[in-house]
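The two complexes that follow have chain A in common; it is paired with chain B in the first and with chain C in the second.
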Partner chain A sequence: MKEIEILVIGGGPAGLSAATAAANLGASVLVLERDGKPGGQLVKQTHKFFGSKKQYAGDRGYQIGNLLIDECEKNPKVEVWTDSTALGIYEDGVVTAEGQGKHLKIKPKKIIVATGASEKMIAFPNNDLPGIYGAGAVQTLMNVYGIVPGKRVLMIGAGNIGLIVSYQLMQAGVEIAGIIEASPTIGGYLVHASKIRRAGVPILTSHTIIEAYGQESVEGAKICQLDAQWQPIPGSEQDLNVDVICLAVGLSPLTELCFQADCQMKYVPELSGHVPIRNESLETTRPGLYVAGDVSGVEEASSAMVEGRLAGICAAYSLGYGTDEAPKLQREALAELSELRAGPAGQKTVKGIMKLMDKGGAAC
Partner chain B sequence: MRITEHPILEFQRGEEVTFFFEGQELKGFEGETIAAALHAAGIKVLGHSPNMHRPRGLFCAIGNCSSCLMVVNGEPNIRICVEKLKPGMRVETQQGKGCLK
Partner chain C sequence: MLNKTGVPTLEDIQTVSPSEERLKKGPVAIIECFQEIPCNPCTEACKQGAIRPMEDINNLPKLDLDKCNGCGVCLSRCPGLAIFIVDASYSDTEAIVRIPYEYYPVPQVGEKVVGLNRAGDELGTFEVSKVQSGGQKNKTYTIWLIVPQSLAMEVRGLRLRSTEIQPKETIVCRCEDITLGEIQALIKEGYSTIDEIKRAARAGMGPCQGRTCRMLIAQELAKFYSIPVGEVLMPTFRPTVKPVKLGTYAGGE
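Our next item is the complex of A and B:
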């Protein structure tokens, strides 16, 4: 049995930030990462981040990922176990994990769950054909392994992920037949959308996929336009010759461990699904169990990093570390979160968190 | 198909290794996943579903969805999207749900 003060589950932007923040205050931290390398989805992001300098604005995602990994690695108080998947959190506080074929037991004093999110699926005929990928899979193939998924792509979803991955595909030399979006407006930032439109790729709002077709893998897709009631407009069908269909239709928080640990959960559409109820310190209804990043509501890597830092500070403080500086650091992190969520894109999250914390008008 | 030129990224590939897909000799690079190597070789159909026998391909690439389960060195239900390629690996499509010996 491995004993540790703080166990962080997930080595993405939230988890790594949590580990460094807690260790900087003096706590011993173990990070469990199921992949062979920490960094989460940041290592696949080639675009430059927005926000303020504090959240590494202007740097590319994979560069930020490397910075976070370096900070953890050079901190003697942080240990990272890669290729290790958390399996369960038990009543007596023991966490089990599978690592390199072995069953591992860990006894932490505090737990920070930073498991992130998984991609959503949408229903249409033949949506299980090879050649249909989640946007994250395309990023993994393309930006980690340097392999393109095919020759010509239909992107479904014009949120930030759909737009960014389309642009990344173009950078890798892949043709985009078009980006379709069921809602009447583009969900992502216009700066991303404009870059794609300037390159001659159509972004069709109020459009949806009718079906994919192909014998053993995707050979094409049928799409159509939707009216104001989201109903297909007869005669608007188009047949696209594509060998890849990429789904960028949103993410769901990966909350299995929170459910299993008996955290009180709530369905909050603004946060993209069931999320654990937590207080301002990101502690759930199970004492000593904190959450940070997409698992507590789908947002962006920038806010995941700040939430991670906040959870790390709060967990370390609760163990008696940082009596002097922790409250100040905590206030700073909360102020950064409010700042990040101040824009129109952040309003949804703020509304979701209000619902989650059952708060009326207090800022969060 | 492998990307040879990229405006932002440089790909550091490991040693070239030989592995087998359905007995056919293929090349890949150490450090990449089996799924990546198969994709680079143009292989998109990784198996068929146990009941409806519909073709299955790579979907999530991070070990979440189980669309890519294959038999590797005789062991079934390997998530090849997260399993790293090693020299001489025998990768086969899986019939049914697989069972442990």
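Our next item is the complex of A and C:
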């Protein structure tokens, strides 16, 4: 059994930032990462990120990922195990994992869960035809393996992911037949939308998919317009000739491990699903178990990095590290989070966190 | 409506449009960023202090038109690709619009490309006057387009001309299943007339007798030799104009 002070589950921006922050204060950290390479979602993000300089804004996602990996690798207090999936968190605090084909046991003093999120699916006839992908899968195919999914794509969802993956498909030479969005307005950042629109791709708000069709694989899709009550408008049907349908209809926090660990959970739509209740230090109702990043509410890499740092600092501090500097670092991280969430785009998250913490006042 | 279609409205654009007078003075940034999002690389990029620091990272960028010298650094830094540079002092009739570009292939200097407006509609064909690489790390290209003065505040995107066709999968002669790729390869080898290509590849010897492929091959030859299609030598025409069954002859005169 491996003993360690802090175990971080998930090597995305939240997990890597948590590991570096805790190690910088002196704690020994082990990071478990399911994939062959750490970096999480950042590995496949080829576009420039928003945010401020502190969160590397203006750099491309994968470049930010490489920076975070470098920082971990430079730090002798951090160990990263790739190809290692955490399988369970038990009552006695033991975490089991499958690592490079072996079953492993780990006994940490503190746990930081930073498992990210998983893609949502929607139901429509023939949604199991080959050629229907989640947006994340399309990104992995293209940006990790260099394979385009098809020739002509219908994108479902005009949130940031739908907009960005459409743009990346276009950069790979794939045609986008259109982006449809059931709600009456575009959910993603409008600068992304404008960039795609001026390349000639229609963005159809208040539109949904009726069905996909095809013999062996997708040959087309029927779509229609929705009225103010989200009901299909008769006669508005359109038939699109596409060989790929890409779903970008949102993410859900990947919280199985939190459920297992008996954290008290709450369904908060603003945070995209079931999330663990946690305090300002990101500690859940199970003492010594922290969360950070999309698993605690689907948001952005910028906030995931800051949350990771905050969780790392708090976990190390609770072990007696950084008695002098930790409180100051905590305050800085909290201030950065509220700065990121201060605008209209962050209001939803703030509302969700307030619901989660049952607080009326300011929350972070 | 911007938040329904992705196309900024006239009112949106007016809020960031410099005066005629300022435009005439020389290059200036047009920052088409109309939504409060947590983002500020443009403020950090500007070394002239023309984009004022934001009090709150969610603020909209604010440009000081007098301080901006149109250097374009902000254009290449903006993750939203929302900044353009317009230089209306270029000539009496023409202006330069600089556009961020992240597709392959990258257009060449001197190439004519299709200019697009904010809705992706084509506005005409314009010449590329300069191509700036963003460098190893940044990677965003800046493409300079020469456009008529009247379109300086309209052209915001570009597309390369002839939408690329895959020569290997594009059929030129349907009867004999001959692709554009095969025709192009023959022309390259030196086959310089339609008849030569017909003898080498059988293009034009099928049931339609060349009605589909003849002019397509002529176009390819014209392109290759840079001559008008009308000057391409036509093949010899012989009877019959359509395939005729042997039986027709047997029973006829």
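As a working rule, the second predicted complex is superposed on the first by the 363 of 364 C-alpha atoms of A that agree within 3 Å, B and C clash if a C-alpha of one lies under 4 Å from a C-alpha of the other, contacts with A are read in each partner's own complex, and residues count from 1 in each chain.
FYI, contacts are C-beta pairs under 8 Å (C-beta built on N, C-alpha and C of every residue); 3 or more make two chains touch, one makes a residue touch a chain.
Note that the structure is predicted; figures quoted are calculated from it, not measured.
In the overlay built on the shared chain, the residue A:Ile203 is in contact with chain C alone; chain B does not reach it. Touch criterion met: A:Phe49 reaches chain C, while chain B stays clear of it. Using the contact criterion defined above for the overlaid structures, shared-chain residue A:Glu119 touches chain B, although it does not reach chain C.
By the document's definition of touching, neither partner reaches A:Ile277: not chain B, not chain C.
When both complexes are overlaid on chain A, the residue A:Tyr133 reaches chain B alone and has no touch with chain C. In the superposed model, A:Asp35 lies in contact with chain B only, and not with chain C.
Shared-chain residue A:Ala182: touches no atom of chain B or chain C.
Of the two partner chains, both chain B and chain C are touched by A:Arg60.
Contact with chain B, but none with chain C, is seen for A:Met142 once the two complexes are overlaid on the shared chain.
Between chain B and chain C, C touches the greater number of residues of chain A.
Overlaid on A, the two complexes show chain B and chain C touching the same residues of chain A, namely 60, 171, 173.
Considering their complex, residues 34-36, 46, 60, 62, 118-119, 128-134, 136-137, 140-149, 171-173, 216-217 of chain A touch chain B. Contact residues of chain A toward chain C in the complex are 47-53, 57-60, 63, 170-171, 173, 184-186, 189-201, 203, 205, 300, 302, 339-346. Against chain A, the residues of chain B that register as touching in their complex are 1-3, 5-9, 11, 13, 32-33, 36, 39-40, 44-46, 49, 54-65, 67, 81-82, 84. Those residues of chain C that touch chain A in the shared complex are 2-8, 32-41, 44-45, 56-58, 77-82, 102-104, 116-121, 137, 139-140, 156-157, 159.
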